[in-house]
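Just below sit the structures, each encoded as structure tokens.
Next come two complexes built around subunit A: one with subunit B, the other with subunit C.
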Partner chain A sequence: MTSKPSPAPTTREKRTPAEQPPVAKPPCDIHASAIIAEKAQITGTHPVEIAEDVVVHPYAKIRAENGSVSIGKGSMIWERAVVGCAEGSYACSVEIGMDVSIETGAIIEGAAIGDGTIVDVNAVVERGAVVGKWCRVAALERVKAGEKLEDFTVVFGDGRRRTDETIRNHEDVREARRDAQVKTVAVMRGLVADAKGKWL
Partner chain B sequence: MSRPTPATRRSAKSEYIETDTGNKISRRSIIEGKQNIMLGGKSVVMAGAMLRGDLVRKPEKMADGEKEGPVTAIHVGRASIISTNCTIRPPHRISRGRMVFYPMRIGDNVFIGPGTYVSSAVISSNVHIGTNCVLSAFSVIRDNCKILPNTVVPSHMTIPPGSVVGGRPARITGEVGEGWGQGGGGEGEEYVEGGDLRALVRSIR
Partner chain C sequence: MAAAPPYALYVCPCSSLSSTTLAVHAKRASAAPADAQADEDSTFNSHDPRANYALYPLDHLLFCNECDCIRCPRCYTEEILNWYCPSCMFEVPSSQVKNDGNRCARNCYDCPICTSALTVAALPRPSETHLNPNETEQGRYILQCGYCEWSSLDQTIEFSKPTKITEQLAKKRKEQRRRKPEDKAVSTAHGADQVDGYENLMAFYKEQLAESGDASNTYSSSPYSSPANLAKIMSLYGGLSVNALKKAREKPQPMREARTDKEGLQVHSLDSSAVDEETVRRLQAVDWQDTPTHEQRFSGPLNHQAIQTNELWPVATPLRIRKGKRCSVCRQFLSRPEPKIPNLRYKIRLLASNYVPRLLLRPLNASSTTPNPAFRLRPNEAEMSPLQPNIMQQYLLTVRNPIFETVKITLATSSSTPGKVSSRVTILCPSFTVGPAGDVWDEALSSSTTSVATDDGGRQAAMASLTGKSTDEADRQPEAGKIWTRSRNSTSIILEVVPGALKPPPSIVPKSDDEMLAEELTEDKDVLEIPIFVRAQWDAVEDTDASASAGRKHERRAAEGEKVRKELAYWCVIGVGHIADG
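Up next, the complex of A and B:
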């Protein structure tokens, strides 16, 4: 190293980094009724928009390094899920609809996730993929890059597809699902401590 | 430069914290709501394992003067092992018009493989669960089962005792047969899947 290193930090300065806000704090627009857990991470430089009644669980990651991220009303991002993409140089914006569940460990790099869709545990939606409304990507499944899923599609059993006729033909089933999501958000208010102030 | 890295600082301490009852909990495990988690003794929680004890059923409004009893979200028996990067989250569903989290019970000598997600209602004893499995909400795993790696057990599925289960979605592919879990467990012996895991627990440090 040719340049002279900066003077050694004092012990007091050494302690501060943990309390300081993260280095790359993106411009966040978080609705007052959203719950962002203390240990959730939001990184990147692109805008992040979080609508009302969204719950982001601890250790979930929202990554806006390569494009904006928007999450619709009543959606839930469970622990260890990753929304957005950090690696690579391609542009990648993610738009998540209303009442969407992104389960534990799921990775969402896709362009859009429709209303009411469930992306199950450890499933992957690759970049540029568009998932329609009321779809279900079952656990450990993968939606390939650039793929488009029609509304009501179920991806299951190692890449098989089918249409969920029950949910397509019955408005009351969809209504029940929406109702369950609202109730889940309601119960989370009492269980997950909110720390959205950190990101505003 | 000369600043000590966190890795060297950590290596001075041991990886696991041992409790009075012999439970070994990794310093790198992620435990939320630890007051709601019960470990039976001699159980292991490895690095990166995540336990969501904060997701419990909140007791309904009680009469004045009554104190809130302790609520358990996750109950783990004796000599069970929760491997690296597992996620243990209690299941939830609607009951009497409100969303409720249900307590989850894991028995004795249960091995949960790395990267597995568990949201079962009950896992009985002597169960071996492979790597990267998904046990969905309210699944019930009875005694002496073996769950093959990368299995997705759908929600509300009950797996009868002594089954071998695999596939996406899970199917019962066979029975564990005679002698499952027999032998092993003794001093200096290899551990056996579904058998006594105390020797394995002892070797983890």
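Up next, the complex of A and C:
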């Protein structure tokens, strides 16, 4: 009785750990209360700083190849969003403020995102752009490289800009939005499994 | 043509008849056969400039099963079935639509900046009363846009409750107008604030009508108000005759016109320089970005006079309609959606693709299998190589039957195609039958007993292709009068085409300018299109209506049983491809 030949190894199994491309693990400073999902990626060699109550969802990418990345308190990076830039030869640091929401598929390569800003689904903030506080970049919109957005600016409707008077003139509305972000983070803490251990 | 060849376009019979003559022809049965005969005798010229108005893909056509005729967008009429709000999906009665200005009168509003739907959002309570809400204290609600972040707070509008937004907005509007009399002066001089003016006039005329009505009929609330009752009483007790009383009632009561601003009178002043200066002064104070666009100003009547974007008011959501399509000859519904608004299904939908045999063309010996045009994503995806002139090509013409009866198909085409470039066309088997359409399981279950085992495109063919035993297929030659393949509801035949040359052979004799001009090809004239006249005949089970309309040309009683012979005839234009130059 002949023994059965072992099944052909799959592509993933064929590759030995030595052959796999080396994944640079950046120096991470992650707060104990932050949540980093297991499927999230943090790559690069520059320092990555993640403050308290930050939630990084599965398949979100933090790229620190060309510069440091810092994410402020209470911010949320949703699925398939990319923060930082991996390509290019010049330095590109990203600083994200407090209570910022980077929605699904958004790409942040800009220098700074102010507190309370929302970058909507699949929006892009290009390199060197500075987005002020309490801004909103609507879905699929693009902030050009090097552009500076004033506080309370809304980018919508194929590049139109307007100032959000409601947020600017009403402290209670700002407070309500901040509360909403805190509550969302609280809900997500229970839903997203934490795996920050592998980045420490 | 817009579609990439090979394609099939179907000719609507209305193209030669105007909408008025359609009805006439339907009534005068004697006129129809003569015209039909004339249509059938003359070959349809697909290169004629007017042909574009008659050719449609089959999926764009409807079919009237009363007239047994194809119906294109020019020969059906559309009528509005109902109005509904796309936001709350509530149907609005047609009597109410005009009163509300074709807009939703419920709580649906659109953003005046970006036109997306507004939502009612609650503002947080002040922190000192958060844990101890006062019973008498009202809530604070705003309308907010989820896209551009506009909110009604930009207009300093807050609501006390999340419902009845329209009433609350109207109240706020009046309050604001009272607070800002200078705005009113400007808007009045600029052709009036139409909403306020209309409301004032309406109130005034209603009052006038009520007054005049009361004067003529003092017993409006009594049972004697009815003329019949009154006449009876008058005849009982004598006195004034009924006619005299009627005359007195019919005497028109003079109604006065509006005299003051409150009654809706708006005096137009020719000298508006002061108002203009005021407008210019206000415009100078704002940036270009802060001035509303034309679309924003005409989004709603309240925004007509807006000078700055922060003066724009939320716009009530415009209503949408659902339309039905009626045959313009017999007025039957060809397409009618379900009456319930959230339901997207159709109650009646007579698509031509469910009634008319579909024609598909593909090269016989294609090196690569051409995909079904119905699944083609882009028109240039399966670009075919140009046709070489004067070289015979063989094509497979498949006729697919959508109806549940066996259909006898007769194809006819002229030996040479019409137009400047004449190509020769031969249909090897012009008359054949096509099996009935049915459940796909029927074919699978009956495949073991089928008589044409080698010809069908079912399991045997698949097995043959897998085992490589298709030697018969490779050696097979097309024969005149024989079909090529047959499957459950489709039959394929061979079409032989000899494309004509785009330019005539060079001649020694010099040509005149007119001849040169005549030889120049205009757009799409190099496309080889074959007009084919398709006649389908089948026996259908007679329904109750059929006996009433036995005189129609397409129906005649069959000799046996309750079956009637039905017939459908139409022109179809097959686009084969571009002819190569030279």
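Criterion: the second predicted complex is superposed on the first by the 178 of 200 C-alpha atoms of A that agree within 3 Å, B and C clash if a C-alpha of one lies under 4 Å from a C-alpha of the other, contacts with A are read in each partner's own complex, and residues count from 1 in each chain.
Keep this in mind: a residue touches a chain if its C-beta (ideal position, glycine included) is under 8 Å from a C-beta of that chain, and two chains touch if they have at least 3 such contacts.
The shown structure was predicted, so the numbers you read here are calculated from the model rather than taken from an experiment.
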item: Touched partner set for A:D158, first subunit B, second subunit C, both or neither; value: first
item: Which superposed partner A:I167 touches (first subunit B, second subunit C, both, neither); value: second
item: Larger contact residue set on subunit A - subunit B or subunit C; value: B
item: Touching partner for A:A138 - first (subunit B), second (subunit C), both, neither; value: both
item: Which superposed partner A:E95 touches (first subunit B, second subunit C, both, neither); value: neither
item: First, second, both or neither for A:E147, with subunit B first and subunit C second; value: neither
item: Subunit B versus subunit C as contact partner of A:R80, first or second or both or neither; value: first
item: Partner chain in contact with A:E65 - subunit B first, subunit C second, else both or neither; value: neither
item: Residues of subunit A that lie at the interface with subunit B and also at the interface with subunit C; value: 138-139, 156-157
item: Contact footprint of subunit C on subunit A as seen in their complex; value: 136, 138-139, 154, 156-157, 161-162, 164-167, 169-170, 172-173, 175-176, 179
item: Subunit A to subunit B touching residues, read off their complex; value: 5, 58-59, 78-80, 104-105, 120-122, 138-140, 156-158, 180, 183-184, 186-187, 190-192
item: Touching residues (chain side subunit B, partner subunit A) in the complex; value: 1, 30, 32, 50, 52, 54-56, 58, 87, 89, 92, 94, 98-101, 115, 117, 132, 134, 136, 150, 152, 168-169
item: Contact footprint of subunit A on subunit C as seen in their complex; value: 113-114, 123-124, 126, 142, 144, 147-151, 153-154, 289, 309-310
